[in-house]
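One structure below.
In order of appearance the chains are A, B and C, and numbering begins at 1 in each one.
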Amino acid sequence: MTTEALIPKTGIRYWPARFLRGIVRFLKLMSRNKTGFVGFLLFIGFVLLTTVGPLFVPQAKSANIMEIYAPPCKLSQWVEFLRTSWFERVPHSEIKASSAPMCSEHLLGTDSQGKDIFAQIVHGGRDILQMALLTGLISTFVGVALGSLSALIGGGFDAFLTMLADIWLTIPRFPLLAVLATLVKLDNMLFLALLLSVLSWAGLYRSIRAQVFSIKERDYIEAATALDLGMWHIIFSEVLPNMLSYIAISFTFGMTSAIYAQVGLVFLGLVPLTRNWGVMINLAWTQGAIFFKDSVYFIMAPVTAIALFQLSIVWMSRSLEEIFNPRLRTG
Amino acid sequence: MQEARSKMENKVVDVFKSKVPLTVEDLWVEYQIERGVVKAVRGVSFALARGESLALIGESGCGKTTLGVALIRLLVQAARIPKGEITYWRGNQGIDVLSLTQRELRRFRWRECAMVFQSALNAFNPVLRIWDQILDTAKAHGVMSRGQVRERALQLLEYVQLDPKRVIDAYPHELSGGMRQRVLLAMSLLLDPQVLILDEPTTALDILTQRTIIDLLRRLKEEIGFSMLFISHDLATAAELADRVATMYAGSIVEVGPVEDIFYRPVHPYTLGLIRAVPTVTGEFEALVSIPGAPPDLVAPPPGCKFHPRCPYVTERCRVEEPKLEPFYGEMHSVACFNVQRVQQDTLDLQERYAKYMGGKAA
Amino acid sequence: MLARAVFTIWFVTSLIFFLVRLMPSNPIEVYINELIVQYGLPYAEARDQAASLFAIDLDAPLHLQYLDYMAQLSRGNLGDSLRSPGTSVWEIIVAFLPWTLFSVGLGLLISFLLGVLIGMLLAYNRRAFWEPVVSGVASILSSIPNYIIGIVLLVYLGVYWNLVPIHQMRGSRSPGIEPGFTWVFIKDIFFHAALPILTYVLSSIGGWILSMKSSTIGTLGEDYVTVARARGLSEGRITTAYVGRNAMLPLITQLLVSIGFVVGGSLLIESIFVYQGIGYRLLTALSTRDYPLMQGIFLIITISVVVSNLVADFVYGWFDPRVRVAGGD
């Protein structure tokens, strides 16, 4: 623990140092579970890509029509390109006009309008990420609040909510969303997030409620009550810490179902949102990109992005689960 | 030294061989764990005579359950038997249990030797009726026709004082803990085994049910005449059910003898400690003495006698040399200790009681 | 339990009713406007037409309309489709629902059976080298959304590697083949349903594998398994009747409850493969704003979920005797 000695306890260097130490500790915890750590890194990667990336990667601009569905250049083609342009001093434009088959300088090729796919991926993730986080937060909050209140208050309140939740759970969510999308204009992201949270409260409510019930009966709660420690103290110091793993899981689940719903709706063309991965898939689909070998990048790029993003969230939740549930830790 | 030891033990075993269903010779059982190798059973030898009831008493972790489980080779995968012999005698034929094939082993289990684990609470498949599970057992051994099984099952259930018609068609969750224990006992006698191993038969039960089970076991033993090896930490049960008692410590038997001997003339410090530590429900108030310390680490046990760190009679010799089990009060009562004389000095009060007891018996 | 199911259905139908009537862009009014604009009908006539199509009386106050709606429903009258005039909603549903039930049902069944087998296999072979590999694959499959799997299958199997003639596989059956119990017809419907079913199987098998694996591992540690071995029962008997049956119990409720979710997801899968099931029809209804049809289909989907949950409760008792006495709840 020599680092402790080196870090001053007072002065302006204290808080940043503590913050850094906290981060290091967090990273160490995350790395306990291998899949979880990979998921975490992937997740951070995506976050960076979609939030910071747009600063570095310019927006995709409509390029020449000649570059529709151009697949990215293979390594050999790059080498050839470099050779001709460098060694033989052939001007850039001449090469592009003459070389066939056509390949694109863009990393992932171009779409039906000649726009760079990679740039679109970088710019298109932010919507989805924001919505996922927002929905995750709201639905977790609602689920935790209602679930714990319901379990702690009990009685008629609890019975009523439980019955409501049971009924709610039997309603198929995605068709309802689809129907609602036609009845109401869903172009505001916040509204969509709220709607999704409202539709998915029942599942989280149930599991949180079950958890609180089981915790309520446990011995240490009885002990705390016997010691007259007060309801708020019990909730925050005894009950909640034991539920953290559940809350973390609920959060990630909220995120994944939000992504599923949003991309699904957009894919079906039911929601007029701005350019994001779902919209890319929709466009690729409607414009028949799936039927050509060259244009496969247009559809597979967003598909892969979504799949990897979902995976990263799911894997990350394993690490979170281990962190918050000390019993699962093998160390 | 090894030779002398096995010769002595063989002598004891030989005495029994003609009338004995089960002999165990120099059995060792080890487990591989992360830290090292746990030597759970270290060189145990004993014989179980026909119709006799032998109690194996010891603290948790002394290896008694492992020993019991080893007899039917139901050990976990991480366990090994590096040395030893378990021989099961049917008539004049000896079956080497350790070299049975999987198939033969399955035939052996329950038919020749049945093991009843502690707490029958979860011993039955929750989705099958009792009758189905009994039938399963019988079919696996293929010895009786369906009708015969039914008849015998009803008989046995009645024998253990249950309502046979009601129980046989019930699901396990419909029966109480005590009832399930009795059903398990009845099932264990289904194929008429020669040896019954009971692991903590009364531990998980309440006092009243314990009484019922103990009485039942006693009756069963007297009327049916199987040999019983029962494993327990409870001396009281031993006093009621056993003909012979063996105390086990850190994987080996430290003392074995007839039940009265063990209770009134214990000569191993550990046995003495056990006796002194148990209060009598009725009777005079005596000072209770608990045994200080904790059982040794079986991965790296101390040298010499394994009990020496906790023994009030410890000497230098105990710290380096491990005592072997040797007869003391005649062939029947053996002990593994160097300081038996000093123990005898301290148990004069018990010995008095023994004399009175034996005198009473003679009269 | 039955009461709760009926209550749920009532709740959902009322919900739909009020949704349709009270939404900001009231679909009925929109339709009336459309009629006026497109066909030049006077308002009164347009209203009447709308009323008959939606199977409601627009003049009456809301609560009476509601009662009338419920009365119509109980008689099985769901109204007529807007875009296919003359065809009742019920007719359309009957034409499309069986395809979804067929594909979803088969997909679920296959993924459950295979998943349970593989899961048990994994639990029994924890130390084999392939166990973590298969578990990892299952984990990945279960995390990827089902429509993504569908798209990937379509793009790669159909286009990129050209393994499957997707153009011919569109639709639920080939034109020109008469429906009936002929071998030709049966082969045909399987041909068309192959990719959707494969998608359902791949997207749900991961979950079954992992659930069954953990359930089996738990069951293997139970006392009664050890006792069964001590009783000399054969491994085969132990695996099926002692481990298998008990490990499957928690999965059975999961199975029956998941029917609702797969029906919901059929929307996306069917549109990807252009498979004419109820999900697909709902989508076309949505895009053409065919409100009575939307209402009707949504209702049917919800009813099927409720019914399957009900069946789940009843059937579970057959599997787990511990629950029978209480009768469910």
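Please note the rule applied: a contact is a pair of C-beta atoms (placed from the backbone, for glycine too) under 8 Å apart; a residue touches a chain by one contact, two chains touch by 3 or more.
Nothing here was measured: the structure is a model prediction, and the numbers come from that model.
Asks: What chains, if any, are shared contacts of chain A and chain C?
Replies: The common neighbours do not exist; no chain touches both.
Asks: Looking at CA centres, what chain is most distant from chain A?
Replies: Of all chains, B has its centre farthest from that of chain A.
Asks: Hey, how far is the Cα centre of chain A from the one of chain C, in Å?
Replies: Between these chains, centre-to-centre, one finds 26 Å.
Asks: Based only on mean CA positions, could you tell me how far chain B sits from chain C in angstrom?
Replies: Measuring from centre to centre gives 58 Å for this pair.
Asks: In their shared complex, at which residues does chain C touch chain A?
Replies: The touching residues are 4, 7-8, 11-12, 19-20, 23-25, 27, 139-140, 143-145, 147-148, 151-152, 154-155, 158-160, 260-261, 263-265, 267-268, 271, 279, 282-283, 286-287, 289, 294, 297-298, 301-302, 305-306, 309.
Asks: Please give the residue numbers of chain A that touch chain C in the complex, ascending.
Replies: 35, 163, 166-167, 170-176, 178-185, 256, 259-260, 263-264, 267-270, 281, 290-293, 296, 299-300, 303, 306-307, 310-311, 314-315
Asks: Name, in rising order, each residue of chain B that touches chain C in their complex.
Replies: Interface residues on the chain B side: 72, 74, 106-111, 114-115, 117, 119, 121-128, 136-137, 140-141, 171, 173, 184, 187.
Asks: Sort out for me which residues of chain C touch chain B in the complex.
Replies: 222-224, 226-234, 237, 241-242, 245-246, 249, 319-322
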